[in-house]
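Quick notes on the structure that follows.
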Amino acid sequence: MEKIAIQKAETGITGLDMMLRGGFPEARTTLITGGPGTGKTIFCSQFLHHGATEEGEKTVYLSLDETKPQFFEEMLTFGWDFKKLEQERLFTFIDASDVRRIPEQAFEKRSVGSLPVSGKELARARLIDNIFKTLEGGRSIDKFIGDLGAQRIVLDSMSGLTFRFTEAWEKRQAILDIMEALNDIGATCLITSEAISVGEERQVQPEEYLSQGVINLQTLKNGERAVRILKMRGTEVDSVPRPYKIVETGIEVYADQNIYQT
Amino acid sequence: MEKIAIQKAETGITGLDMMLRGGFPEARTTLITGGPGTGKTIFCSQFLHHGATEEGEKTVYLSLDETKPQFFEEMLTFGWDFKKLEQERLFTFIDASDVRRIPEQAFEKRSVGSLPVSGKELARARLIDNIFKTLEGGRSIDKFIGDLGAQRIVLDSMSGLTFRFTEAWEKRQAILDIMEALNDIGATCLITSEAISVGEERQVQPEEYLSQGVINLQTLKNGERAVRILKMRGTEVDSVPRPYKIVETGIEVYADQNIYQT
Amino acid sequence: MEKIAIQKAETGITGLDMMLRGGFPEARTTLITGGPGTGKTIFCSQFLHHGATEEGEKTVYLSLDETKPQFFEEMLTFGWDFKKLEQERLFTFIDASDVRRIPEQAFEKRSVGSLPVSGKELARARLIDNIFKTLEGGRSIDKFIGDLGAQRIVLDSMSGLTFRFTEAWEKRQAILDIMEALNDIGATCLITSEAISVGEERQVQPEEYLSQGVINLQTLKNGERAVRILKMRGTEVDSVPRPYKIVETGIEVYADQNIYQT
Amino acid sequence: MEKIAIQKAETGITGLDMMLRGGFPEARTTLITGGPGTGKTIFCSQFLHHGATEEGEKTVYLSLDETKPQFFEEMLTFGWDFKKLEQERLFTFIDASDVRRIPEQAFEKRSVGSLPVSGKELARARLIDNIFKTLEGGRSIDKFIGDLGAQRIVLDSMSGLTFRFTEAWEKRQAILDIMEALNDIGATCLITSEAISVGEERQVQPEEYLSQGVINLQTLKNGERAVRILKMRGTEVDSVPRPYKIVETGIEVYADQNIYQT
Amino acid sequence: MEKIAIQKAETGITGLDMMLRGGFPEARTTLITGGPGTGKTIFCSQFLHHGATEEGEKTVYLSLDETKPQFFEEMLTFGWDFKKLEQERLFTFIDASDVRRIPEQAFEKRSVGSLPVSGKELARARLIDNIFKTLEGGRSIDKFIGDLGAQRIVLDSMSGLTFRFTEAWEKRQAILDIMEALNDIGATCLITSEAISVGEERQVQPEEYLSQGVINLQTLKNGERAVRILKMRGTEVDSVPRPYKIVETGIEVYADQNIYQT
Amino acid sequence: MEKIAIQKAETGITGLDMMLRGGFPEARTTLITGGPGTGKTIFCSQFLHHGATEEGEKTVYLSLDETKPQFFEEMLTFGWDFKKLEQERLFTFIDASDVRRIPEQAFEKRSVGSLPVSGKELARARLIDNIFKTLEGGRSIDKFIGDLGAQRIVLDSMSGLTFRFTEAWEKRQAILDIMEALNDIGATCLITSEAISVGEERQVQPEEYLSQGVINLQTLKNGERAVRILKMRGTEVDSVPRPYKIVETGIEVYADQNIYQT
């Protein structure tokens, strides 16, 4: 018997790769949580851009909140030309923002077709399906991504998907469904999640327990920023919070500096 | 490939323009949050006044809480003569305070006309419509503003619109509807939002995640004031909280001073 | 174009008039919030007494919680003889405490008469009407106060009016109705409001956003008291919290002292 | 016109009478709030005992939680022989603990007799009646106390009466009903109330706003005790928190000492 | 008239008997509250063991959570042989854990038999009865304990009984019913209760107000333990928190040491 | 009479065995609580691995959240070859993640078959049964484990089982059912539980009171980790929080170091 090393996918964020001992575990899903303005979208896009340009990997950005032109424009300010990557077939933008247009009835209807499940169960299933299976003109996304051979996928943000579920257990179920759908694809995935509290006394959110990895981005009271690896299954990491900045080339993590004196 | 610079709309608040590296991103919507008495309305009016007098831009103030005479009188105390700007066709005041007179039934009625959507969905749609499309004697506001060619729009306050939605998901949907309606117009927009908590342990509000930019105004325990850019998509900004004052010429931000020792 | 100065109504509380740069803005409504025992009623009565004795103004005290004999007796301990002012027709006490005797049905009944509005809407309207329009033997209060020519009005306390509304949006609507009813009269008005939290981490109450001015009275842990102008539309004020005392001549504010070291 | 001095009822607790400038305002109702074990019952009994033995006043203890034998035994440990006072007709113990035996139906029944009020309104009225009007073999308590000529009354505790009302507005109404019933008697009254939070960040309870006076008893983290006059209408008092002890002769307040350094 | 001294039941915990000035008041009920692992069961068992072995008193342990074999085994680790005491007829273990097997219907059924009380009232009554009256083969526990002549009784834990009541007022009623049932027996009783919060800012639980005595056990952040007498009617006690340890002979309180510097 | 020593099952985590004075009490159930990323699964697996490899004990891992391949892969990174142990019949992995696929109806259905119990009671019973009795092709797990002679069992995580119960009392009942089912097997058991709050002011969770032992794992603000034995019935332990690390050989506890200065 001998120990095996889990394959890593480099993030392209230098200091972070040091904290992660090489990158994200491949073919796994990591949650990126943080308050407003902490740079979650930039973080994820930098990960995609690095994979596409440095590793020649196929990448996918599944957007719940932004449109493609907005995304392209914002990323260009960091010098990341996703339009060009799209033309080179290294990047695919999937606009899933339509999910919020699904009328409420779908969440209440008692029975649909002849499926012997309760209305709510179905509605949730259909919601997830709407995103993962049927958005691209009838083709299923998983098949689409299978054909594409995507190796890096970002879902931004999960909160845009789950906010409609008011019961805690339903939300938890939906989160599990989403993670399972992503895991089945076999790519290295990032999911962003909006933090509900941003102070020192952080409230744990259920998705943190359901993820294989969790990274928290935080803006401190004085405007400084800190990144912290809360959880990373299957690999030893640096769990100390480290400072980071959003500069004109993206995110920079200072892995040898401390936020709190020790 | 080369990096592009996003166009900026100068705010006219000197120190703030430094923090923003020139002003607000053009054709985008920024949220101004803050407790009572932090000067949200003054902040937004100064932005409009600067655009109208210095740039000759058409400006619109969409008011949920105040009447036109109140607004005119208050702004005159800072030396801003919006009445004159109105006569010069550089400023339009839209009084949307009637929205709170819409009877509750509209929010409960099961079906209206023959539209195959649920009652609540419709009610929300109608509410937004009431403000954005039908307030000016049957004309639609977007067309009205289109004809006007407005370049700066302020909606003060969003809370006056959304307080009627009791379910979290409905409120979120309404916020998205409002932002989308504003974005479609193509102007540089500010929306004010009432903070629910004002202490150090700030509670995040959903609209902060749904906005492209968020600026927080805060009155500290000792009476001092601090402005902080929480989020600004598409442009690098100064995220350190800076002191500001409300003086007789409006708001002054001291971009080279610190609130917290670092 | 030139700047205009808003007219001020002197409060008669020396230090406070300095903080307010002369007094309350005339013909506006200011909210006085504070915990139990902070002197809200004394504060408001001193304002009325000053107006009646020093300026010869007509004054009105609209009471939700106290009876006239109680009020007269308590105010006499500060040397304020409101009974005499009543005889001189400079003061009117309106006992609205009966509002809490209105049976609950009024808040639930589906339809009353033939008005095509929902039950709850009607009930709220009727409640406000009961206070502002029909308490004095069928005469409407606004007409009554119009005839009287009241220049200073105190409503003590709003909480006594709004506690029956359990939904947040209903409470907000009721607060707006009350403020509008007062504003229509054209006098300088004060409304007291009970603070729900009294610690350092103050919770914002909706009425603070809906008022043109807000003053907070606070008793600190060590028994000292602090007054703070949270908001005052249309006029520059001193936003630093200042100490005050309740002495035998009423309230004294020490406008040149600090509560917190700066 | 001249200032009048409100009559005071000496408490018999030396330091407290200094803080109160003589004692409680006569014919008024004061609320005694505090956590478990702060000595609320001892405090109130000392007030009754002093009135009966030093002033020869008639006193009444209205008990919601304790039986007469328990009360007699506990008070004897402080040397207060209420049994003897009862024999001398200076003290009356009214056991109202039966109120918790009133079955729930009374709180739900739609209509009783032919009274045209809603069920809940009636139930509350009846509850208060059960205590104040009909407990002593059909005689009404107010008439009974009128005949007796009681000058000091203690109701211990209000929480034992109001805990059955689940809606905030119902509880507030019940508190007002109780206070009004006591005030109508014309005696100097104390009502005890259980504090819901006992830490530094005290939560305000509605009864504090509805009382003419409020005294808070607190046990600090280190076991020391502090008494604080939060509110006392109609009289100037010492609002600084002062230390107190429960010793073998009852409560002792050290009115010249400080809890917090100033 | 002379002061009487309340009889005390020695606890056998040396330092605690000093804090209590001799022990628990006889024939009264004291509440033992504390977080998980603070030693509530050890505390109570030590009290029973001391009474049985040192005073030859009959003792009863009424268990809601543990079985007899578990209890016997755990107590033996402290050298307390309750099995032997059982054989000597000085100890009785009553296993009431079956109460959680009572199906929910009992809590909802509208009417049972012909009793003219509401369903919920009955259910609560029956629950208490199930424990106190009918568990031992049809014999009533109170008669059983009467025959036995028990002088020390422990009920561990009340939370195991009351958790089924979801309404606050129902829980309070149930707590009162339990305490009354115990008081009627005439023994010195301890009831354990699970603390809901364990930090410095303790939340008061209703049972603390309804008990004649309350002792709080706490594990501090650094692993140290503190015992504090929050309340003890009818006797002067030491209210300062004191350190304690769980050692191999049971609980040891250090009554001359301080937890907090004074 | 003499004191007996409870048998201990060594954890294989050196420092922890010192804190536990030898290991976990045999044939008992201990709860492992902690925030995301504190290493709960690693902790439990190390306990199983030690038992299988060092003591030759049969071990079982009952998984609610992870699949067998994921588990095998993650554990290999610590050098623990559970696949080999499985082949040696020293380890059994039971995948109970299907429990979240049970449709909601089971939780709502009024009556199933002819059992005279309420729907919810049945649903809960069935849920627990689904896991403990019927998952392995119709065989009951308890019989299965009986045949196997398992001596160490881990259930990871309880939260994955109980999140569906929304009422507090139902959740408590389910927790008791689970613990009883495990205790009946007679093995030394660990159950993991997700902490809801992770700050200094820890909120107590009901399962902590219902367990015989509780160990808390915590990641501090600065990234350091602390393990603390909150409760351990039947054995004296070290209750001081101690630092631990997750290294490449698993968890290491530093039992002679302190987290907080004393």
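Which chain is which? They are A, B, C, D, E and F, in the order written, and residues in each are numbered from 1.
Basically, a residue touches a chain if its C-beta (ideal position, glycine included) is under 8 Å from a C-beta of that chain, and two chains touch if they have at least 3 such contacts.
None of these values were measured; they are calculated from a predicted model.
Asker: Can you name the chains that touch subunit B as well as subunit D?
Answerer: Chains touching both subunit B and subunit D: C.
Asker: If every step must land on a chain the current one touches, say how few steps get you from subunit B to subunit E.
Answerer: Minimum number of steps from subunit B to subunit E: 3.
Asker: Same residues or different residues where subunit B meets subunit C? The copies count as same if more than half of the interface numbers are shared.
Answerer: different
Asker: Could you give the separation in Å between the centres of subunit D and subunit E, each centre being the mean of its C-alpha atoms?
Answerer: 30
Asker: Nearest whole angstrom, what separates the Cα centre of subunit A from the Cα centre of subunit E?
Answerer: Each chain's C-alpha centroid was found; their separation is 51 Å.
Asker: Which residues of subunit B are in contact with two or more other chains?
Answerer: Expected reply: 200-201.
Asker: If every chain is a node and every touching pair an edge, decide which shape results: line, ring, star, complete or other.
Answerer: Ring.
Asker: Enumerate the ring members one after another: first subunit A, then subunit B, then the rest in ring order.
Answerer: A, B, C, D, E, F
Asker: Quick check on the complex: what are the subunit A residues that touch subunit B?
Answerer: Residues 35-37, 41, 65, 70, 73-74, 76-79, 81, 84, 100, 103-105, 108, 157, 159, 163-164, 166, 194-201, 219, 221-225, 246-248.
Asker: Can you name the residues of subunit D that touch subunit C in the complex?
Answerer: Touch list, subunit D to subunit C: 1-6, 117-118, 120-121, 167-169, 172-173, 176, 200-204, 206, 208-212, 214, 228-236, 238-241, 258-260, 262.
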